[in-house]
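Take a look at the structure below.
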Amino acid sequence: MRKIHLIATGGTIEKIYSEQSGSVENVESKIETYLGRLRLPDLEIDTTRLMNKDSLEMTDVDREHVLEAVRERLDAPIVITHGTDTMVATGLYLQRAIAPRFPIVLTGAMTPLGFEASDGLQNLTESLFAAHVLAPGIYVVMHNQVFPVDRVRKDKDRARFVSSE
Amino acid sequence: MRKIHLIATGGTIEKIYSEQSGSVENVESKIETYLGRLRLPDLEIDTTRLMNKDSLEMTDVDREHVLEAVRERLDAPIVITHGTDTMVATGLYLQRAIAPRFPIVLTGAMTPLGFEASDGLQNLTESLFAAHVLAPGIYVVMHNQVFPVDRVRKDKDRARFVSSE
Amino acid sequence: MRKIHLIATGGTIEKIYSEQSGSVENVESKIETYLGRLRLPDLEIDTTRLMNKDSLEMTDVDREHVLEAVRERLDAPIVITHGTDTMVATGLYLQRAIAPRFPIVLTGAMTPLGFEASDGLQNLTESLFAAHVLAPGIYVVMHNQVFPVDRVRKDKDRARFVSSE
Amino acid sequence: MRKIHLIATGGTIEKIYSEQSGSVENVESKIETYLGRLRLPDLEIDTTRLMNKDSLEMTDVDREHVLEAVRERLDAPIVITHGTDTMVATGLYLQRAIAPRFPIVLTGAMTPLGFEASDGLQNLTESLFAAHVLAPGIYVVMHNQVFPVDRVRKDKDRARFVSSE
């Protein structure tokens, strides 16, 4: 069995619609439910629910927690689910601190998992695949795209990532 | 072919997730997309998109528009999709003005159509069925329940309607 | 809490795709999984998995089992899920033997639950609603249609039921 | 825009449930409907519906057609959707004839697209990603796995591919 670490930090991909407030919120993790819909016969996913935050609310203390979690899991590829707004900031924070021997893939979603037209399961699928086949390094993977974390920015209007070069 | 009028006024059932704002909004009608997923071989649905409002923002002017639309469609059963917060108020407004010869069914959803765990398609299915089989009158229909409009209230905490008796 | 008995006998609604044989088969019951997707806050469904047969293979011995199961559950409305090919035959068999005080609703599907374009959940939703609101009698309910069991036949080419009058 | 050629040949991934026969059949292509559910902002997919066959019925004449179609599309990565039973045979047939400068990825599904628990969209997602990032060569890609076509066989009982080494 191959192994991948998955570290869940929240973001849109994990948001849930609240019938009481009428808004979408980071309340409970749902990544594992969706991982259960994928066929991964020779893959063991070790999932860690580190936090569940809108990435606009992530602080450097939170990023330090992410870094610590990553440092403890450098024995295998890592997928980090994260809000898209500050995903690149977190990726750069990691890049300044570590030089991994396996790929570290940051991913997320523009629309929460389970909503119509969600890109969440596509992005999870791609990221798990990327973690399997890419060279060591830190990447953003979504929408059939792969970006080294130091050459990417979010294009909010178009709801996608683009090269920052 | 039997005929049913469907009058769409908005509410949670029609809300759409905005990737730019990260909130759910009444932007465009999606009832018809979901009606297309039902098999209704001997039923003609005449759909009117009257407005697309959160029902907390509906005014008496809006209710007057609903009443006018209903008055023009009294030749067949009517289903009205509506926000749940003031669905009963609109139903009572209609009841004070008309005594229909066919059932008028108000319905909506606690979670928007197309979101995981949405009750929207269930409620549409039930309401179209209720409009077919119930006696003349004005009803709220959701969650396998039927309430005469003057004997029902929303229980917001439990995200359902209950008898007001 | 209201109560409804649900008696599952198999049929297309319960068929499952076999990856080994490449065909669809009646192997295990899945009605309850789909009932779990409906919101039924004041309804208790007492489900009995009586058999799981393609209805073309149902014999009079099987119909006698259905009749016995029905006889033991005449204290509340009953929904029977059944293959469409001989659904009417089973309904007539029941009608010759009993005069229920509650509605008995036969339903099924043209395409199995969980397949794209399945009508199964629509038919379950309608049948549970019909069992709540119809007068005592034995009915076939599917596709927003209600037929007394002695006035209906399957139109196989059009994959629907039609009046036999 | 990057470009990928997609050549559809049929197989389980494209099978459709027939309400008349009660079996699953290769009748019409549905790959493009499902591609439409993926977000591929900088990818142009040039889709060719070459044939729609159960791969057990593919002949060497059919494989020659596949080879011709591939030869005409060697200017970009290629994804070939194919029945799993003879996917490896077709891949080896291609490998004997060509040495591509881009990856050629064979994929399919154990359960048709649109059926519950289908692996089809996962496999399409992975294959489009693989076609983007893998080195030139001919591969089978499914279930988060990548196999060079000369080192893989189907394990029918477990409904997956395994290394043949």
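Labels for the chains are A, B, C and D, by order of writing; each one numbers its residues from 1.
Note that contacts are C-beta pairs under 8 Å (C-beta built on N, C-alpha and C of every residue); 3 or more make two chains touch, one makes a residue touch a chain.
Small disclaimer: the values here were computed from a predicted structure and weren't measured.
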item: Labels of chains that are neighbours to chain C and to chain D; value: none
item: Far-end chain from chain C, centres as C-alpha averages; value: A
item: Chain A and chain D, separation of their C-alpha mean positions in angstrom; value: 28
item: Separation of chain A from chain C, taking each centre as the mean of its C-alpha atoms, in whole Å; value: 44
item: For chain B, residues that touch 2 or more chains besides their own; value: 110, 117
item: Chain pairs in mutual contact under the definition given at the outset; value: A-B, A-D, B-C, C-D
item: Contact footprint of chain D on chain A as seen in their complex; value: 37-43, 110, 117, 119, 121-122, 125-126, 128-130, 132-134, 142-146, 158, 160
item: Residue ranges of chain B in contact with chain A within the complex; value: 12, 17, 19-20, 22-24, 110-117, 156-157, 159
